[in-house]
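Common to both upcoming complexes is chain A, partnered first by chain B, then by chain C.
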Partner chain A sequence: MKKRGLGFYLRIYFRILAQDLKSKMSYRADFIISTIGMIFTNISGFVSFWILFRNFPSINGWGYYEILFLYGFSLVSLTPVQCLFDNNWSLRMYVYSGDFIKYCFRPINLFFYYQSEVFDIKGLGQLAFGIGTIVYSWGRIGLELTPLMLIKLIVFLITASLIMIALQNMAAALCFWMQNSFFVLDFVYRFRDYAKYPVTIFSPVFRFIFTFIMPIAFIAYYPSLVILRPGEVPILSWLSPLMGCLFFFLSYKIWMYGAMKYSGTGS
Partner chain B sequence: MASMIEIRNVTKEFKVLNRREGLKGSLKDLFSRDYKTVRAVDNISMSIEPGEIVGYLGPNGAGKSTTIKMMTGVLEPTTGEILVDGNIPYANRTKNAENIGVVFGQRSQLWWALPLIESFRLLKDIYQISDADYDGMLKLYRSLVDIEPLLHKPVRQMSLGQRTLSDILAAFLHDPKIVFLDEPTIGLDVSMKAKIRTLIHALNKEKNTTVILTTHDMGDVDALCRRIVIIDKGKMLYDNDMEHLKGFFGNYRTLKVRAEGDLKAAAEKISAEVPEFPVNADEEWVSILVDESKSGVMDVLGRIQSRFSIKDMQLEEISTEEVIKKIYEEGVS
Partner chain C sequence: MNLKKYLSLTRAGIIESLQFRIAMLVMFAGNLLYLTVIYFLWRSIYASSGSEVVNGMTFSDTLIYLVLATALFGFMEMYAVWEIGRAIQSGKIVLDLLKPMPYRRYLFWSYSGSFVVNFFTIFLPTFIVVAIVTHGAIHMGVNLLYFVLAVVMAVIINYSIDFIVGTICLYTESIWGINIMKQVIVLLLSGATIPIAFFPEPLKTIVSYLPFQSIYNAPLTLLLDSGQDAVSAIKVLGVQLIWCIVMTVISKLFWKASLRQITVNGG
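And now, the complex of A and B:
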């Protein structure tokens, strides 16, 4: 059997990506309109955030710029799931119509092959906006910029992304067992809105849910603590990179298990 | 030589939930364990040699797709054994995928937004086709069909015919040992059908690729297949050469004659003359379905001619379509 390593998959991915971008840009009006839409989505998200926090300068001991940092952090960590795994949203349709079977005949990883088909360029604007917000609030809070801090930031950003991706993979994979899994996927998508607030503002019940059941507190809150409040970091925060990897791996396994047991509709 | 595909006593069963009617029923279904077992494929065995084109036929829901899915490794047989080029498809899905090409008539596997040539280049990377092999294949394609207008067109903008053609070319690109074609000519016009049959035939000849073809179009079967396998309700009904097929129910030929005067009356008289064969009359012809194992067409014609004056006559071979229809409806007796 021919060997297919990481280099092989990266080459395939970038080839599909380049072609996909090329074909998207060939629809110029569509491209421009969706770019404008993306900018406005980000601006309106920020404005509603700003209106909220103009009235409450501090929430549960968290200052404006700290919350802003959390907001930026969640924007960046939600980018990979938006850009790279957007095809999860269509999975339900492919499975329902039986078209999913077309992905089953290639000698490459099925999960990779399926996800590589779509790259959602809209997420890039969110990324730029998120990075801007992090940099701005970083300066305002007066955090120091050391290599260690930067590494922490990057590691915890990746962790947070992995958790969000894992959540979405699992929600999407439900369609291999359920007829109508859309509401679950939508539910997960909506819940990520709560990721940008410090989990301490919620009641103990929700705090428990967001930590252990729907671990969205790991998307921004726990990782941000490591950077913003190194003094009060719970042990959970330090464990989160490990949890992120584990959680992603688990979601991948579930997704693949569902796909392997999928048998398609008759034709 | 070893067989390309070896299927031994393969059975595939599905568990299907007995669904109840209405809202209350579907609520109950949530907790129901009331399954029934459906046997989609029932103890099938066959062996297919390299380079064969086999027509895999059967009415809708006969179990064709299930068999194909087992051969491609998507489904695991409940019992029995399948070997595709020495591999167990389900256990070695990736290895098996390198050996096969698959085309579903209505489901394109190409990248929807990309021009065909870019899809080809991606497939070249995915299957790790060498430059020499790739160029050789494109050269062969150019000699067989006019692909230039297709190469730079996004698949999304293609007509159904162009898309099917592209899908077939893509399936053969990595020079697989076996290509599965599931209703490749469905919904196509007559000239496109002919084009696609010629292409499949040429590729099979040139590359000695084994082709498994499922279709409902007997034109495909007549043009391509020397061997056909027929299944119905999961059971194998027939596995033999095309030539045998027509002799299978006796050597039937239809003799059509046109007599003087009223055809209905003539038909009755002719029927009395040749009581062993069914006689029908339409506006133009009196047709007699002659079973040549009982008496020859010339003999029948002679007998009729000795009593009536015949203005005109026609002789029709029974078509593959009619034979298949007979097998579907009556089974093999």
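And now, the complex of A and C:
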């Protein structure tokens, strides 16, 4: 197969995206209601923090606005997995019904083609809400706004989202080997709710688990430290970009390996 | 009312949910992880507050409340909105409407089997573990009777809300968005995520006039508050009963009115 460049893939991506959006737009009411539902979820997270901090001044040395920053950070870093990799949820159905085989015959990268087919627009509501929360808490904490800080923020947001994408890819790829993998995927999906708390509240055993076995601490906590507590950044924070890329690469390999090896049903 | 035909639905439901043992196991692990996070979160919240009792609740009170709320959720949540929504989209609803019993009752009884299973696999084990671990923080007396009554009514209120929201799907063709909105509102305003005792004053007053607090807060406070007299307990149960009747009537009338609207593709 000829090696294709990035430009080729980008062009193809936007073409597929346009088709997907067109088909989504024919269910306009569903789109609007889903977006409102997404924003509802985010607001409820916001309200629960607000209620908590009316009763307690801080959690483990973390103030209200710092926790909000963590929350906003986790929301933004969870957007790519929501928007771009949503088709992972259907993988199990495609493999089960045998329809997955159609992806194997396209002359482009299998993983790319599969994921590009669906773009979940309702994630954009979450992105907007997350950015709003970051900006709000940024101002309240009184962080300075320098180009360096901004670059740091963006780099660490990207690496954080790579971790979550990797976790979801691996969970979805399980369906190549086992049936009924929905519950594993749902299990991993629920991790995102725990990413918004500082990992220091846990006991050492769970801190280890959430750092190395189910690395949800990398979704918000370790990357945010670089911005919130520049004085006490652990080595793990600086390692997180590397971890993100490594995890993503690993999940891609597992996914592709499964797609090559799986024994499909006939269709 | 001929009970036999309903009980056969219960039996079918029990058999059906026993089929998904691995799913149950993963769900169990997910709940365990959630409870671990809750434990550490509230432990560090109480540790940083510096006082033993906040809003009349100690750390162990709060923890028991939240653990049992999770267990109640595991046993009451029946995804009726999804069921109704899917039945409408696929056209299966036409067949359900032909059944020799009202649809509202049919759906309830076909879920009753999973109630029974979830009660014995989720709620009862959790309750026993909590009762043993906390060394009698749960008072064993007449409050257990109140609790059972309250849970039965909570199930009815919860089902009626689900059914009303499911009926909305007749008009919107959107399931995910409608369902997530319902779930967020119910979980937050019923006190399942944060006990209502922690809510700030104006919010507490608003919530007390809504049906949601009858679902989680009412049974749990009846169970945990050992110092209450019979009059206040009966008052709580009375409010629940009123909501029970009101929500049932609304859901029945709304369904009846909406059924004329129904448009179904195929079936």
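Heads up, the rule we're going with is that the second predicted complex is superposed on the first by the 262 of 267 C-alpha atoms of A that agree within 3 Å, B and C clash if a C-alpha of one lies under 4 Å from a C-alpha of the other, contacts with A are read in each partner's own complex, and residues count from 1 in each chain.
The definition used in the following text is that a contact is a pair of C-beta atoms (placed from the backbone, for glycine too) under 8 Å apart; a residue touches a chain by one contact, two chains touch by 3 or more.
Since this is a predicted model, take the numbers as computed values, not measurements.
In the superposition on chain A, contact of A:19 is made with chain B only, not with chain C.
Applying the stated contact rule after C-alpha superposition, one finds that A:104 touches chain B and leaves chain C untouched.
By the touch criterion stated above, A:194 is placed in contact with chain C alone, chain B being left untouched. In the superposed model, A:58 makes contact with chain C only, not with chain B. When the two structures are aligned on the shared chain, A:206 is found in touch with chain C, with no touch to chain B.
In the superposition on chain A, contact is made by A:47 with chain C only, not with chain B. Of the two partner chains placed by superposition, A:146 touches none, neither chain B nor chain C.
For chain A, the partner with contacts to more residues, out of chain B and chain C, is C.
The residues of chain A shared by its contacts with chain B and with chain C come to none at all.
By the touch criterion given at the top, residues 1-2, 8, 11-12, 15-16, 19-20, 23-24, 98-99, 101-102, 104-108, 117, 262-264, 266-267 of chain A touch chain B in their complex. Note for the complex: chain A touches chain C at residues 27, 29-30, 33-38, 40-41, 44, 47-48, 51-52, 54-61, 122, 180, 182-184, 186-187, 190, 194, 197, 201-203, 206. Put simply, chain C touches chain A in their complex at residues 20, 22-23, 26-27, 29-30, 33-34, 36-37, 40-41, 43-45, 47-49, 54-55, 172-174, 176-181, 184-185, 187-188, 193-194, 198-200, 203.
Contact residues on chain B toward chain A in their complex (touch as defined above): 14, 61, 65, 69, 72-75, 93-95, 97-98, 100, 102, 104, 106-109, 111, 113-114, 118, 121-122, 125-128, 154, 182-183.
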